[in-house]
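Here chain A shows up in two complexes: once beside chain B, once beside chain C.
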Partner chain A sequence: MDTSEKQTRLLVDLHVKYIQSLDTKKDDLEYWLTEHLRLSGVYWGLTALDLLNNVDALKKEDVVKYVVSCQHDNGGFSGHIGHDPHLLYTLYAVQILVIEDALDAVNVDKIVEYVASRQDRDTGAFTGDEWGEIDTRFSYCALSCLSLLKRLDAVNVSKAVEFIMLCKNFDGGFGNSPGAESHAAQIFCCVGALAIVNSLHLVDADLLGWWLCERQLKNGGLNGRPEKLEDVCYSWWVLSTLSILGRLHWINREKLIEFVLTAQDSEGGGIADRPGDMADVFHTLFGLTGLSLLEYPDLKPVDPVYCLPKHVVQRIGLAERYHHKEFQ
Partner chain B sequence: MDVEKLYLTLNRILDTHEIREIGLLPYQSTQSDNEYCPFLLIGSNLGIPLEYVDKIYKHAHGIFMNVRGGDNIKSNETVNLLKDSTRCLVIINADCYSALNTRKKLIIDNYINPTNELKFIDLLFTFPKHTKQSIIWFHRKWVILRIQLHLSSNDISQWQHEINITRRVAELYPKNYYAWTHRHWILLKITTDSIQSKSFFVNELKIMKIWVQNNISDYSGFQHLQRCLIRLSQCYDNSFSDFYGISRKDILKKININTQLQNRDSKNSSDSDSIVSLWYKEIQFTKDLILRYPGHESLWYHLRFLSFGWIWLKLSGYLNNLIEYNFNDDGEIDENNNSISSITKKWPESENELEFSRYCINQVDLLINQDNDVRFESMVNQKQNALTYELWISELNDRTKKDTKDLISKLAEISIDSNYYIVQNKKYSS
Partner chain C sequence: MTLEAELWSDITPIPLDDGPDPLAPIAYDAEYSEAMGYFRAISQKDERSERALQLTEKIIEYNPAHYTIWYYRQQILFSLDKNLYEELDFVKDQIDSNPKNYQLWHHRQVLVEKLMDASRELPFIDEILNDDAKNYHAWTYRQWVIKTFNLWENELDFVNKLLDKDVRNNSAWNQRYFTIFFNPTKPTEEFLTQEIEYVIEKIKMAPNNISPWNYIKGIIAKSNKDIGILEELCKEIENQDIISPHVMGCLVDIHESRARNGSAIDKEEGIKICTLLADKHDTIRKRYWGYRKIILASH
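Let's turn to the complex of A and B:
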């Protein structure tokens, strides 16, 4: 990518084309290495397109048909046709269907059953699939999914909260399991999950907000842990949490916008993890959602809890579950 | 090149050689007469030419999808097809979770030996990218637990290999989150109630102290060191907190610590002293590193944790009667034969912690005044970190608003990264 001149504006048309082209690259090794999580790719791409005011760039009929083809008899979804069901992909499927307003295309009761069966009765934690991996990411997936389906009653919410709170650390952050290092992406999952079940009062908001602000580096970018490199995706994990906590204005907005814009591929479209690297759809979405939270023009507002366009969350009648105190 | 032949050759190599290291090559073997061409086999190292990776993957994928979609009755032929295809898929892409799930099923049905599967994962971990996938670490955990089902003893030596693996991976891919959480998990698998386990934790702490000195900017290493410290403290007192879910709010509001306060008098005081000594020495060790390696956020974060732990020790009654232990023998020498600056030895009361910060700030100011070129950036970082630590200590001890206000205004002046101190400064000024 061309790094000789700094990008100062969002390349909307290029990003739309980039996302549309992803499905045509079947000869690339990268396509095959991500084949098992193609459903995630569809969610990242579709959400990005909606934020870019181009949700129709992917044909709704095709998208819904594809998602339906990933559902299994037990109600869960796999990352692609032929793979095994998993909670991660079940959330992505529900998010896509909510964006497309097409939940009636699948068996919702079976989804609820699948998600509920992932909860460990003793600890309140959630397992990713039948094999038993536990991670706070899965707590978020389960609660977000059930909230979007308005079926939070299907699980033991207070137990779920109990487990998340065990993963809180001395610095106010959260890890993937009790005692694990605070990590910005896990923090988003935990705080997002707590927001969904109206438990934000349990977060040490000032302390955590401080830690999150310390993720901003001299080049404006954010990292996810101390002394790590900056990465565009933390524009989402860190900002969304600050936004949920009503502390977004603690970040240096201008410098972060500049950092994300510089990570755009000005030829092929898409956004990379940092300037000069190859763009991918994951970083494209999280660059855009970050910019959206920073109130960058030309982008629809994103909901910091559900990582969906705000108008979608409003359409299904979910309350805003975050504090308001944005830029003044 | 014929895909079928490539696939068969790769599997033949893996079946007939004990491969210890694997890598992708930007070129292929030039010895076309070699039976393993285009793969490069040198000793126990296998190189797969990048050019053929997608072909092999697609082929293995086709076989895998075809066979797994079939009926559930496993003939020898289908078992072998599944074993070989999933092996190729995972070697190229350790995140291919369905292939790993199938391997778990093959283990349950005794078609794959779990001990061999562990060796296979060892091999996968020689390829750095694979070590960043949570799913392969979970697969490893699952296989270990499976092996343990059939073991009657909980011999600590079985964990040594796991420690070695995580160490190797952490060096291959610094700050590897999953390698370190795996290592935390090992600590939890070892109970704290025997002499062997205690010496394991003593040793692990010792290893970590050496490790962090060589990886000074790796906070993940310090995090693990903290887990070792907690685990070893639990060897002395099994009611010692695991610190799960405890943060500053708990200390300020004095919640989640009541249970420890009770029955403190009946605790064996020499065990309490051992715990206090452990933490005190760690604080001293960290301050020494901070003076030797200025400007590292990881070191200061670690000190934040320790100061937090110290207050917790105090609130929980371990520092009963405020006995100041006489650890300050003059002329104490550390492992590297350096004399320790007296500032690092002060008892970690809040006043002394603030003094340590100010000492670091003064040092920076002195150096910068003397010579503008001296590793300027690390000095600026050191000053910012020291001021931040002062703020941390002040807030942790609920000090006066004026102290906090002064610190924030200083930080707002030098902070050029986030808006945090600027916003706080406005709040305090208004």
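Let's turn to the complex of A and C:
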């Protein structure tokens, strides 16, 4: 990793190579210890590659075969073969299959059944798996997943919205459960979910927009809560939400671009959480999606609601569910 | 063989099926690999035994985020009717070394729900917050404990202590709101007036810190009070020659609320402050203050 040289451009080829190399590091214990989220890694890598105009760098046939092998009898997907199904991985699976235009490789009705079964009828909230953990992240997973499958009719949408609104805070943000502190990633999940079900009017866009643009620090980077350190992943959580609310331009574009570019690994490729740290595929994707929202050249546009390349969302005929505003 | 051979002689471990790409050689840690092989074999049979419990412990030591293992462990614990207080000690050790792991906190919640005894919880969470006062998992869990076991009584004191220690702790300000407004006993008008006084004193200590500003505006909106009650505070800080974008922002809010009711002077004054913020004191958010200016001008 090179920390001395300040990067001023996006290292497209290096990032493609970095993502391709991820599946060959099987000698590392780390590779096996992260086995339970292998499917997420495929989603992060594949989406990044598509934005970099290199979706073919991973072989479609292998990707689809792998995703199919993670589906369970109950319709849900696990983070890897032999693990338990979970809503998180079910969304990742559907996102990958939509990118690859390969939904016909799986039993969609079973997925819908699984997602619908995760909703609590009384509260409208969603549990991640049989274990029963409740979190607004799972509300997003469920609604995004069903929307991509065009089966929102399978759940009680107004109840789902009711639960999300219980998680809205005095500062305009949202937390993971009613009363929990506003956090940029939870805010993306809640606002994204509301956008999917045409309920953005419930968001206090000015108040929340202020809270979000207040996340930008002097060095250009964004944090996820007041008084926390900046992190490249918030270039996605914060920007996507501002974009959905039509307030993306409240961020200082040039300073944020500079921050993300400086977090690139100029030798091995990939993007880290902040300049000088080790790159990983999660921060690589969210650095790229952030840059894409900032209309950085060389990158395909990303959809701020679905975190998928925009051309993919257009191909499946889902309208833009957000307020659009170009940088001026 | 690192597992006790005798105990496992009847089980044939199932090797890893690493998906459709078996090209690269597998050379990862032998002990973890072995444990996972036995796990695949016994979980397939849904074996709930002492040795299975020990095996989950071994795997968890390696990989506490392995969510499938935790669920399996829980089923074994309940099937064998194990002492769940001992399990609380086990989770505590795990959380001490992995305080930001979703599975661990949820596991603890399931145990406490089953025990219906939260006597150890607040002291335990205090310890975790002592190391990291902004741990999101710890706070979420704390709120669950307080709601579920009706432990509202001492919470405001706890929050007071945290804010005395660090007035910039946003999590503590959030907990303050939770303690006052999620409590089944609603706050009185008198209490809210005192509360606003309390926050004003805290703001004076650190006027450039966003958290109490957000909080005070939140409770003013919630209790339908007039934002104008903060004008004196803003002026007092400004008179000390302290330049704070948050003070200026608050003044913009105050002027805007009056401009909305037709005050031309406030409209003008508000626009003037927005221009200062955009051009000088908060330039990174220039476009935001430009927007506020447009809104003001429209009144």
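Assume the second predicted complex is superposed on the first by the 328 of 328 C-alpha atoms of A that agree within 3 Å, B and C clash if a C-alpha of one lies under 4 Å from a C-alpha of the other, contacts with A are read in each partner's own complex, and residues count from 1 in each chain.
Just so it is clear, a contact is a pair of C-beta atoms (placed from the backbone, for glycine too) under 8 Å apart; a residue touches a chain by one contact, two chains touch by 3 or more.
From a predicted model like this one, the values you see are computed outputs, not experimental measurements.
Engineer: Based on the superposition on chain A, does the combination of chain B and chain C result in a clash or a fit?
Structural biologist: clash
Engineer: Could you look at A:Asp62 and tell me whether it touches chain B, chain C, both or neither (first, second, both, neither)?
Structural biologist: After superposition on chain A, A:Asp62 lies in contact with chain C alone.
Engineer: Return first, second, both or neither, reflecting whether A:Thr8 touches chain B, chain C, both chains, or no partner chain.
Structural biologist: neither
Engineer: If you stack the two complexes on chain A, which partner ends up touching A:Pro226: first (chain B), second (chain C), both, or neither?
Structural biologist: Both partners.
Engineer: First (chain B), second (chain C), both or neither: which does A:Asp171 touch?
Structural biologist: both
Engineer: Superposition on A: which chain B stretch among 19-27, 55-63, 253-261 or 325-333 collides with chain C?
Structural biologist: 55-63
Engineer: Need the overlap of the two footprints on chain A, from chain B and from chain C, as residue ranges.
Structural biologist: In chain A, positions 27-29, 32-33, 35-37, 78-79, 82-84, 86, 129, 131-133, 169-171, 175-181, 183, 209-210, 213-214, 216, 218, 225-228, 249-252, 255 sit in both the chain B and chain C interfaces.
Engineer: Which of the residues in chain B end up touching chain A in this complex?
Structural biologist: These residues of chain B touch chain A: 53-54, 57-58, 61, 65, 68-69, 92-93, 95-98, 101, 104, 134-135, 138, 142, 175, 177, 180-181, 184, 188, 217-220, 223, 227, 242-249, 296-298, 301, 304-305, 308-309, 388, 416-420, 423.
Engineer: Over in the complex, which chain C residues touch chain A? Could you list them?
Structural biologist: Where chain C meets chain A, its residues are 17-21, 24-29, 32-33, 40, 62-63, 65-68, 70-71, 74, 102, 106, 110, 134, 136, 139-140, 143-144, 147, 168-171, 174-175, 177-178, 182, 209-211, 214-215, 217-219, 221-222, 284-288, 291.
Engineer: Sort out for me which residues of chain A touch chain C in the complex.
Structural biologist: Within the complex, chain A touches chain C at residues 23-24, 26-29, 31-33, 35-38, 62, 65-66, 69, 78-84, 86, 129-133, 169-171, 175-183, 209-211, 213-214, 216, 218, 225-228, 247, 249-252, 255.
Engineer: Can you tell me which positions in chain A touch chain B when the two form their complex?
Structural biologist: Answer in residue numbers: 27-29, 32-33, 35-37, 78-79, 82-84, 86, 129, 131-133, 135, 165-172, 175-181, 183, 204, 207, 209-210, 213-214, 216-218, 225-228, 249-253, 255.
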